[in-house]
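First comes the structure, then the notes that go with it.
The chains carry the letters A, B, C and D, assigned in the order they are written, with residues numbered from 1 in each.
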Amino acid sequence: MGAETVAGGGGGLDTAFFVAWLEEAAGEIARQRDRLTELDAAIGDADHGTNLDRGFSEVLRALRETPPASPAQALMAAGATLIRRVGGASGPLYGSAFRQMGKALDSGEAPGTAVTPAAFAEAFGAGVVAVERLGKAAAGDKTMIDALAPAARALAQTVRDGLGTGEALARAARAAADGARATVPMTARRGRASYLGERSVGHEDPGAASSALIVAALTTAASRTAAG
Amino acid sequence: MGAETVAGGGGGLDTAFFVAWLEEAAGEIARQRDRLTELDAAIGDADHGTNLDRGFSEVLRALRETPPASPAQALMAAGATLIRRVGGASGPLYGSAFRQMGKALDSGEAPGTAVTPAAFAEAFGAGVVAVERLGKAAAGDKTMIDALAPAARALAQTVRDGLGTGEALARAARAAADGARATVPMTARRGRASYLGERSVGHEDPGAASSALIVAALTTAASRTAAG
Amino acid sequence: MKKLINAAESLVDDALTGMAAAHPGLRVRDRVVLRAEGPRPGKVGLVSGGGSGHEPLHAGFVGYGMLDAACPGEVFTSPVPDQVMEATRAVDGGAGVLHVVKNYTGDVLNFEMAAELCDDVTVASVLVEDDVAVQDSLYTAGRRGTGATVFVEKIAGALAEEGAPLAEVARVAEETGRRSRSFGIALTSCTTPAAGRPTFDLPAGEVELGIGIHGEPGRTRAPFAPARELAAVAMDAIHGDLPLEGDLLVMVNGMGGTPLLELYVVFAEVEAYARGKGARVARSLVGNYVTSLDMQGFSVTVCRLDDELTRLWDAPVETPALRWGR
Amino acid sequence: MKKLINAAESLVDDALTGMAAAHPGLRVRDRVVLRAEGPRPGKVGLVSGGGSGHEPLHAGFVGYGMLDAACPGEVFTSPVPDQVMEATRAVDGGAGVLHVVKNYTGDVLNFEMAAELCDDVTVASVLVEDDVAVQDSLYTAGRRGTGATVFVEKIAGALAEEGAPLAEVARVAEETGRRSRSFGIALTSCTTPAAGRPTFDLPAGEVELGIGIHGEPGRTRAPFAPARELAAVAMDAIHGDLPLEGDLLVMVNGMGGTPLLELYVVFAEVEAYARGKGARVARSLVGNYVTSLDMQGFSVTVCRLDDELTRLWDAPVETPALRWGR
C-alpha cells in the first residue's frame, strides 16, 4: 500500500491497512488494558480491559493463522472472533460492529481489492448502526455509541467534503476522543453503568474510551502502512 | 472489718474482704479487657478479655443476688459462676481455682467467720494446685500458673515469716506481676499458644496477665475494706 | 491481592477442573458444565450461565431437578454464544431447551445470539429481573437478575424433570420470576483477580445499598448500621415493590465473604420482618448461593409462593449446591 | 469493623434464633441445638460443640445421620459444662452418648467437667486431633482438632443411626480420627466481633502456614504463592505424616471468606497431588465447612478410607449443611 493510499483523496484502503488497524487497535488496548478496567471499576464490573484485551489478542492470532484475503474478510474475521471470545456486553457489540463493517464491504469484489474511503465510511456507519440496533442505545446514553457515532459522522462528512483519507481518519479519531470525553458528565442509560443512575455521572464510559482507542488506531495504521 | 484486719499480723479476712476482692478483680478485668484480648490476639484467639469480663460480671451479679454468708461461700460461688459462664480454657481453670479455694476454707465454721491469713495462703495454694492438676501445666509452660504459683509461694512465705496481711498481699501481687512479666520470653507449652511454638516467645501470656490483675486486686480490696 | 489461583487467566479453567473432579455427577466440556448422564429423551433441557465469580451459581445447580447445563464465562463476564450453543445442543432431548438468562446486557446479547444460531433446537428463554434496587427501569438496562435465578432454576427444573412441555416450563419460570424480588447490601467491595484490587473503596463506616452481583457499587451509600436496620432496608425495598403476604420462600444469601453466622443473624431479622407484615416464611435458604467473589454483604430474595411453586420447590433435587429428596 | 450483627454480645443468640427459624428440623433451647424430633430410644446420642464462628460446624451438622446436639459457645470460646450437660441429657435415648471433642484445652476441660457431672448418663468421648501443623505434641496441648471433625461426626453419626452400641460408635469415631489429617493456610486474618480488628496483621505478600480454626497465626509465615504451591505445602505436610494411599476422602475447606471458585482451584491441585502419589480421591467435599469467621484461606483434610468408613460416609444424612440420600 503506497503513501497515497492514505494521503490521497481517493486512494483505496487495502487488506494490509485493515490488518494494521486491527493490530494497532489490539496493541493500544493491551497497553491501556488497566485503564479501561479501572474505568469499568468505577461504574461497571472491572472487566472491560481484560475482556477486550483477551478478544483482540485472539483477533491477532486469527489474522495470523488465516491471513485475510480482503478488507471484508479481515473485518468479518475480527467480528466473529470478538463474538466468540469476549463475552460480556462489549463482545457481541464490537463483534457485530466489525462483522457488519465487513459485510458492508463484501461486495463480491475480487479478493485483495482495496476499498474506497467512501465505502469504508459507509461500512463504518453500518457497523455503528448494528451496535445501536443490538444494544438499543442512542446517543447520550453513555455508551460506546457516544464515541462511535461521532466518528462515523466525521468520516462521512470528510468524504462528502472530499478531504483526504489521512484527514478523514484523523477527524474521526478526534470525534471519537471528544465523544468519549463527553460521556463524563452523562448519566448512563444502557449497560450496567445504568444501574448506578446519577452515580455514573463524572466518569468516562469504558466502552466509549475503548472505541476512541479503536478509532484512533485507524490513523496509526494509516501512517504505518503508508510508511511501510 | 477493721483496719487491723489487713494491717495486723493475725487479723482475719472476712466475707466482706472476699466480696471486695472479687469486685476489685472484676473492675480491673473490665478496665483491662481490651488489653487482655490483645495479648490473646498475639498468641491465642483474641477472646481472653471478653471471656473473663463476661465471667466476672456474672460473678458480681451472683454475689449481689445471693450475698455470701462466708468467705468459703463467696469463693465457691465465684468459682461455680466462672465455670458456668466463661467457657474456653480459662473458665474451668479459674473456676476450679476459686472453687478449690472456697472448699479449702469451708471448714464448717459458723457463717460470717473471718479466715486467718495463714488459712487463706493455704487455700490459695490449693487453688493453684487445682489449676495445675486440671491443666496439666507446670511452671515455665507460659500459663496463668507462672503468675499464680509465685503468688502462692509469696503468700505462704510471708505467713511463715509472720509478716502482716497487707505486706503479704502486696508481696503476692508483686510476685504475680513479676511472674506474668517473666512469661514474655517463654515458649508456650500449654493452651493454644503452644501451637505457635517459638513464635509465642516475646509475648506476655494473657492468662498470666489476668492472674496478676486478680492477685493485685487482693491489695486494693484490702485497703478498701480497711478504709471502709 | 492474595487469591488461591495459579493465574488470573487460568482461573476459570482450573476451577472447572476442580469442579469436575469433585462432582462425579458433572461433566465439563469446553467450558460447558453438563450432567454426566446426558440428556433425557423427552425432557426439556435447562441451560443457564453467566460470568464466573458467583459460585455456586450456575454450575453448582447442574443436576437432577435443576439445570442440565451451565455456561461459565470469565469472571463477571457473560459466556460467549459458542458455549451456549454447545450447551443447548448437548442437553436437547427433543423437547426443546429453556434458557434461563439473568437480565444483563451481556448475558442477554450472548444468549440471544446463541439461540438464533441454534435453529435446529426449539429454544425458549426466560429473563430473570428481580433486583428492586434498579427502580427507574425506563432509563436503565432494566432490573438486574440476581437471587431469584436460584428459585427459577430450581422450580423450572423440577417441572422439566416431571416431563412438562417447554411452554409449561417457561411459564412456571416466568411465574417464579414475577413473584420474586431481591435487594443486596455490601459491607466491602470484592477484588477481581484480573483487576487485582477492590472494585470500589468503601470507608469503614459505610455500606453500599442496592448492589448487584458483579462487585459494582450500589445505588446509594449509607452509614453502617446494625443487622436489624440493614435487613429492614432490604425488606422495605422488597415489600414496597411486592407486598409481602402469604407463604414466602426467602433466601438470605451471602456475597461470598460473609460468615454464615452473620447470615443467620440477618435471616432472623428478615423472618421477624416478614412475620410483622403478616406473611410467613414457609421455605428458606441461608448461605452462599449467588456470590460476588470475596465481597462481604448479603442479599435477600423473596418469592411469594403458591401451591404449584411450593410443590416444585419441595421436589427432589440433586446438585452440588442444592440437594434434597434424593 | 463492619459485621452483620446487632451487637457482639447478642451475636450467638441472634444467630441461633435465625438458625432455628431457618431449619424446622432443629430446635434451639438454652444454647443447645437439638434435632426437633428428639432422641430415638436405643440410639446412641452424638453431642459435639465448640466455639461459635466455625459455622456450619457444629450446629449445621445436627440432624439425621449425624449429630443429635451441638453446643455453641461464644465466638471461638468453648461451651460451658452446663450446655454440654443439658445436651447430653436431652439426647440420651438410653444407649449412652458420645462426645465428639476437638482437642483444645478449653473444649477438653468443659466437656470433661460435663461428662463427670452427667453421672446419670453413660458418656464416651472421642478426641479429634488431626492438625499435622502441630508437630511437637510433647511440648504442646497436642494436635488441634480441625476438619476431621466433620468426618468423625458424619461417620460416627451414621453408625449410631444404624443402632450400633456406644463402644462401637466410639470405636469408629476414633478410627476415623486416626485415619485423618489436616493442614490449613491463611491469606488473611479474621476479625472477631468482640476484638473488632484483625487478630493478626499479614502483609500483602505473605501467608500463614499451619493455622488452626480460631484465627490464630500459623506455625510459620511464608511468601504468597500460586494455588498449586500452597496446595503442595498442605499435602506435603499431610503426606509426610500419613502417607496417601488407597481411597481417600478429601475435604478442601474454606475458612469463611474464600470464594468457592478458588476452593475448586485448590481442590484440582489437591486431587492431582493425591493422584501423583498413587492414591485416589474417592469422596470429597469442597466448600465452607469448618470456618474461622471471615478469614480467607483454606484447609485440606484427608481421610484414608476403608470399606466400613466409605459405607458410613455414603449413608444418608440430613442436616442443614450436609445432606444426601434423603
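To be clear about the criterion, a contact is a pair of C-beta atoms (placed from the backbone, for glycine too) under 8 Å apart; a residue touches a chain by one contact, two chains touch by 3 or more.
For reference, the UniProt names are A, B = Dihydroxyacetone kinase subunit L; C, D = Dihydroxyacetone kinase subunit DhaK.
Keep in mind that what you see is a predicted model, and the values were worked out from it rather than measured.
Contact with both subunit C and subunit D is made by no chain of the assembly. Chain centres here are means of the Cα atoms, and by that rule the chain farthest away from subunit C is B. Taking each chain's centre as the mean of its C-alpha atoms, subunit A lies 77 Å from subunit B.
Averaged C-alpha coordinates give centres for subunit A and subunit D that are 55 Å from one another. Distance between chain centres (mean CA atoms), subunit A to subunit C: 34 Å.
Listed for subunit D are residues 75, each touching two or more other chains.
By the definition given earlier, chain contacts exist for A-C, B-D, C-D.
Of all residues in subunit C, those touching subunit A in their complex are 8, 51, 73-82, 104-106, 109-110, 113, 133-134, 136, 139-141, 144, 192, 194-195, 199-200, 212, 214-217, 219-220.
By the touch criterion given at the top, residues 1-7, 11-12, 14-19, 21-22, 52-53, 55-56, 60, 75, 187-188, 204-205, 207, 224, 226-228, 230, 256-269, 271, 281, 284, 286, 288, 291, 293-294, 296, 298, 318, 323-326 of subunit C touch subunit D in their complex. Here subunit A touches subunit C in the complex through residues 37-38, 41-47, 49-51, 54, 83-93, 134-135, 187, 189-192, 194-197, 199, going by the rule given at the top.
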